[in-house]
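Below is one structure. I have some questions about it.
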């Protein structure tokens, strides 16, 4: 039927580029028609979301391992790069997350834009960012992937640098330089990969085949050492984005300085680009190298878990604390990936989604608190529950979700990750990973520690006298609209995790088998 | 042959001496005159190399034109005629170093490559009934036509530009 | 209903959301919703109960003909060389006892990884049904009680909302089909306790207590997670409790795995059920409203640990080889806790803390019972303890309601003003101390019996001694508590008064239960067949998934000796109090005749007797050696460790952040940046502005390159 | 030594070249620098013609002619620059011409 | 009379009249005609009509583009004078580049020259003659032609650099550029003379075959190094870069743009011809030499650029490091086939677009602030958002951020280098990677000024941008955006192959 025909051929392209189109339209609208800008931006993002929903509705959930809605056109022939996009079980949750978060961000900032306001520029950047993120999650060609991967840098740089806090310029450039450093090495390794694979294609699945069965393509097998080096380049690229210890230092600064919406998107989606990259690119293409690297990645991951938690305990600024908690949480995700097992990968994807919703939510709250109290100094806050009970309760709920309370989304990112570490994939040392498992489990205690401590200091108790008599507004309408979906999803996914697992499982099981096969298991 | 050699070495010695004088003398005008000597020597060497036409051009253009320009320049910039205390700057030793280094490298390379090649005794390019000059003109108007045309534009441009730059506009 | 048991937790869960969403708009601020929900749940629980009895009876009736099973069981039995058993267990009863009673299960797929499916479902069998009753009943009573007790509280509605949520999660926990589900509910009840302990979060002390409770439990959860994971993989990637038990008993799981798993799980028990050394949160948890303490920290949540062990008993049985050893970690933890908790109960002035420590020690009894293999005894004690301890807590709540304090030094002589509270409290105390024929007597007695008879060579006699010691102390500190609260002069201010019906009625109900609950498991020696050992009969899950198929598994036999001893013990404890109490009366007689003496003696009495009896006998006698030491250890070492851990973490965090993160890691980055800048500064010298130096550079570089390449190429 | 060696010319050229280099680096007066440049160019011319003679073709000569022509043009431009500099700062010392650096 | 001439012609039969392919020469001829026209028109046009001159020059350049296109359509490779002058795809592509870049330069100059009191006619005359030299350079396959073309494109450039003759900085720029240029041509000539001596011919193809085989003898090494040094000066590669910052700063901004793009490109064109045709058989010398030049240029150019407070100087140093990127593929010469040429030409095309654009914005801003200090860009986004956005586009394109064209340029460079698959190549690739990160430091610094800092003097009057500058901006930004997401740039680069490409 023509409808699905249309979806098949144009659905993804529409979804990815509608926001960009919106941005272009907004360029033409004069700056002072703010209302128009808001609506155009919102509609653009909603339109993308609409297309996305249509796609997800049309998606064949019975073979999620299969790339669907594939568009495969020649792009830059001379460098053998093609425009290949497609959806599969791995992309779907993240695309859905992206499609959800961005409109919510636009709504949230509806009538409080950070200084200097300029909604036009702000929203345009947001839309460009949107396109970049969506593109990254559907791109199936390394070069295309890289382009989208980098497209998100600029808008975020400006969001942080223009609308950010006092130390914004330092934070912005730090974010930019770190990420660029990673991607520079990443592109080098992409190219090396391209050439060792015969210099024919950048398409991810094909590359995977070529590396795994060089014979069929008349290229000589790639020595393990080379693979390990190439993987190292990718590791830098993705690891910095995740961010993994010790490349995490850009994160707290960026988060602390970024405007609320910026932090939300940064936490909810940008960080996922890194982990997604591992699962999408690094593991399938270079399974053997992955096996070589896994123990070290795992080690860094658990270090990150504990280290991030410890750093959290030291923070005096609410937003910075949440930022460090991201380091800790992404540690779980990376641990899951490092196990190279079906469980671990599923846990990782679930972890991405959950962390996206929860930490995004936390940053929303931090933003609202900052707006009401004009500070995020934990010492000066307190008794939020008294002044603004709803915010307080929502904060509590989110904090609990974030510390991995079963029945809420966070748990399904952490527990399976820990679980998978008990029996890591073929070729990995069980002892090592069981040690990791215990450390990670201990990490959950820390998580409870710093989050509840934060909650106690900010929400419990009585209001500090400096805010004794000023009026603190409780949750407002745009906030309700922006938050409700996230809160509901946190709960729903927590109660019925299969929403995610069912989609991702086949795909990731495939990857896991590939990894097992690679080590001749 | 021997005569030519003697001829060569005498002139060469003169040239080198004059050249050294050019870069060492403290009198601008003297420098110019020494330079003329060098040019003349070069022209003489061209004769030895059987490039009469080039030799003539050398004399005409260098001595006739360029040196005159130089002298004009000297006059116009009112450089003191006569001894001038500091004609070499404080970094002259850098110059020495660089020159020596260059000399070493070049000398080694040249000796290594053309250590004992002799010039052919008969140095006339035997075009049909013509001299080197004829051959030169032929090749200029066939083989090197385009550079020749370009040079005209180049000279025009240099002329115009130099005037515009040097001109005192009212 | 056995099939539909899942409805039972759903109802309070629904009421939780209901209350949260529009509780505030309801006339009674949502409390009615909670009460109604739990009431319905209770009724349904009763129905389930009845149906379960029928189920059991049917199972037996049809298990008569099924010879092969019976035979199997019989010949297991015949070779089980426990002489105790041989004689006092008639064969026909064996058949009945060991007829495999299949639990009623129902499960749905929760999510799947590859081919592994994680299920969620209901597992209805004896213990589950028993817990259903306990939880719903106590919860119901507490709900009713709370409508009065926390009436007019600013967060009245939220209070009930979370009571409902707690009930829901606790019910979910007791009927969990899989360890994963168990873990989820396990955490949820923890959160409810966190929220309810911190109910009055304005005071930092309360929120501190809440945090302490939650984080301490998280520590235990590390054990929980580890245990569950180990079992999951050891049992071939399944979370199913029945599977795991069966495999454990059939020896499909390596002993090592079982040992690791049970040790890990014991950590969870220690935190959740307040066993030493992770018990310190429990007394602090008394910061919460009293009904909460009664429901969560006495009757239900804290026994989750015991319940979990009883659920996975196969694992522990094999992992700790309970059946054949004579000491094991579980019993050890329990034993230590019995004494430690009891000792600490002496030195408390806060009545609730007394009860809290008593709870700790009672839980110790249960764990110990499980440790020695007296499964039924443990659950039976859990059953009875739930009622009388809840009664005690609610009583203390009622008292505090009257005197607006929990400090026993501000009470005294309340029996005059609060007769009902007094009577119920006395009954419950008697039950706790284990006076015949109150409930506690039967259950505690069974535990002691178990300790004396079960286990491998030499049995678990040590723990019997421990139990007896514990009994003395229990009696003693409870007497003190009762004396300070209800006897003597009123030391508080204001006019105490009896509480209203919504408080008193639940008290009475619980008190009555505290009397009769013990009859549920009358030893066969003392009772006709029709009524003997009903508890064991109906609630013990007999079948492939339960150690009852193991030869070593046996039931302790009621031994009159132990019964007497324990009774005497109890009496001795009270005797001290009574003796001193009567003595006081005697003296008062004298003073009435002689003024001088009156003055002298009253002072003498008020000082001497009081001091002598209280300080001298009780305190110096018991508190001195045991309690003071224990208390010192408790406050300075254990609690110090727990709190210290937190503080240490914070300090480490600060240090790491300041020195590692900001200096080393971040410093490296910024360092490289400034290095580049410095390099720029240096290289700028190249362009000095002097064109001739540029020229020198040009010629020089050309010459240099040429030279280099001439040499090296 | 009866007939002419290639090298004697080449080395002569090299020497002139180096002297010229020294001149352009060491001389202060811009006009002197221009003169030194001429030394360099002449050195090149000697080379070209020598090789021309050696190879027995006239390309060298032609090349030399072009060099001479270009040299003329360059000297013209150079002197114009000298003049303008002199006009603006009343000095032809190259050392002073360093207002821009770094 | 004519008979006499005829007899004279007969007298020696040595002279054979060269066959001249006028079509192949058409672009140059058009240019020559136009530059003469400009010169003449300048004489007769009254002061108030001088505005016609830039239009005339611009039209002339576009007119010269037509024969280039016809030749491209015709497609046949044409050579003249025994291969001394070739019109092949390479030549056509670079000629088109020079003409378009020249046109943009004219657009940039229009108001600048008209508003300052500069000699207008001569300015365009010199500009055109320099461009003429470049177009010829595109076809030159012979040492003499290369040399003369080089001089033709340089000498007017010397003069233009010093065009602001009342400004001491202007003179300084001119004289420094001039002197360094002459020094460089001295070195170059010496190298060429040696090449001629070794090969016995001035034709690159002959030189190529003469240099083939065996170990490199010192004389050849010396010749190669000197020739490369001569052009390394043109492309301002470290350590031959010293003139660039000073000249860029002192010269009129359009000329700075012209130097940084066209003349750099011309240098690369000559270098490519020499290396690929002439030195193809001497990788043992060329590779390490280029490796060194590339690494030095990238690194030193970048780190110095970090310290610059003047945008133009900053762009000069950035140009130096960009040159390093362009040189990088030459360091793997002979190991990767045609991809080397493709990547360099692609880089040239894209670099021209974005760099010209950046300079145009600098000019536009300078019209208001009258300064090129970084600080003068403060708060540009507040009062001239479009300029700020354009500048950001160009800067981040220069930094190589996708999807702007610059990333494709860098990408093809990376691709070429890594293709070689040798340790040295990977080393160079890593150096490139690190440098592309460092470079972001100073590019983003300007973006920061524009977007995140307040207006220094609080003057928020919008910038009035004349139409010619707008046109220039439009052209450059379109190139910068389109080349990034299409394959056109790479296709052009791929198309540009030598007729006599004898490299492996």
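The chains carry the letters A, B, C, D and E, assigned in the order they are written, with residues numbered from 1 in each.
The rule we apply is simple: a residue touches a chain if its C-beta (ideal position, glycine included) is under 8 Å from a C-beta of that chain, and two chains touch if they have at least 3 such contacts.
Values in this document were obtained by computation on a predicted structure and should not be read as measured data.
**Q** Which chains make contact with subunit A and with subunit D at once?
**A** Output, common partners of subunit A and subunit D: C, E.
**Q** Determine, using the mean of C-alpha atoms as each chain's centre, which chain is farthest from subunit E.
**A** So the farthest one, by centre of C-alpha atoms, is C.
**Q** Measuring from the mean of all protein Cα atoms shown, which chain centre lies nearest?
**A** Taking the mean of all protein C-alpha atoms as reference, the closest chain is A.
**Q** What pair of chains is linked by the largest number of C-beta pairs in contact?
**A** Answer by contact count: the chains B-D.
**Q** From subunit D, which chain is the farthest off, judged by mean CA positions?
**A** Max centre-to-centre separation from subunit D belongs to C.
**Q** Report the inter-chain centroid distance for subunit B and subunit C in whole angstrom, where each centroid is the mean of the CA atoms.
**A** So the centroids are 106 Å from each other.
**Q** Report the inter-chain centroid distance for subunit A and subunit E in whole angstrom, where each centroid is the mean of the CA atoms.
**A** 43
**Q** On a C-alpha centroid basis, what's the spacing between subunit C and subunit E, in Å?
**A** Whole-Å distance between the two chain centres: 81.
**Q** Would you kindly tell me how far, in whole Å, the mean C-alpha position of subunit D lies from that of subunit C?
**A** Result: the chain centres lie 100 Å from each other.
**Q** Give me the residue numbers in subunit C that touch at least two other chains, ranges are fine.
**A** 673, 684, 687, 689-693, 695-696, 699, 702, 706, 710
**Q** Which positions in subunit E touch two or more other chains at once?
**A** 144, 147-148, 151, 155, 158-159, 162, 165, 174-176, 179, 183, 194, 197, 218, 221-222, 245-246, 307, 441
**Q** Which subunit B residues reach two or more other chains?
**A** Subunit B, residues with two or more chain partners: 89, 91, 94-95, 98, 102, 105-106, 108-110, 114, 135, 143-144, 147, 151, 154, 157-158, 161-162, 165.
**Q** By the document's touch rule, what are all the touching chain pairs in this structure?
**A** A-C, A-E, B-C, B-D, B-E, C-D, C-E, D-E
**Q** Could you list, by residue number, the parts of subunit E that touch subunit B in their complex?
**A** 11-18, 20, 32, 35, 39, 80-82, 84-85, 119, 122, 125-126, 129-130, 132-133, 136, 144-145, 147-149, 151-152, 155-156, 158-160, 162-163, 165, 174, 194, 197-198, 217-222
**Q** State the interface residues of subunit C toward subunit D in the complex, per the touch definition above.
**A** Contacts found on subunit C: 684, 687-693, 695-696, 699.
**Q** Can you list the residues on subunit C that touch subunit B in the complex?
**A** Residues in contact with subunit B: 690, 692-693, 696, 699-700, 702-704, 706-707, 710.
**Q** Sort out for me which residues of subunit B touch subunit D in the complex.
**A** 1-2, 4-5, 8-9, 12, 15-16, 19-20, 22-23, 28, 31-32, 35, 38-39, 42, 45-46, 48-51, 53-54, 57-58, 61-62, 65-66, 69-70, 72-74, 76-79, 84, 86-89, 91-92, 94-96, 98-100, 102-103, 106-107, 110-111, 114-121, 123, 125, 132, 135-136, 139-140, 143-144, 147-148, 151, 154-155, 157-159, 161-163, 165-166, 168
**Q** With touch defined as at the start, can you tell me which subunit A residues reach subunit E in the complex?
**A** Touch residues, subunit A against subunit E: 31, 75-79, 116, 121, 143, 146-151, 153-154, 157-158, 161-162, 168-169, 172-173, 176-177, 180-181, 184-185, 187-188, 191-192, 194-196, 199.
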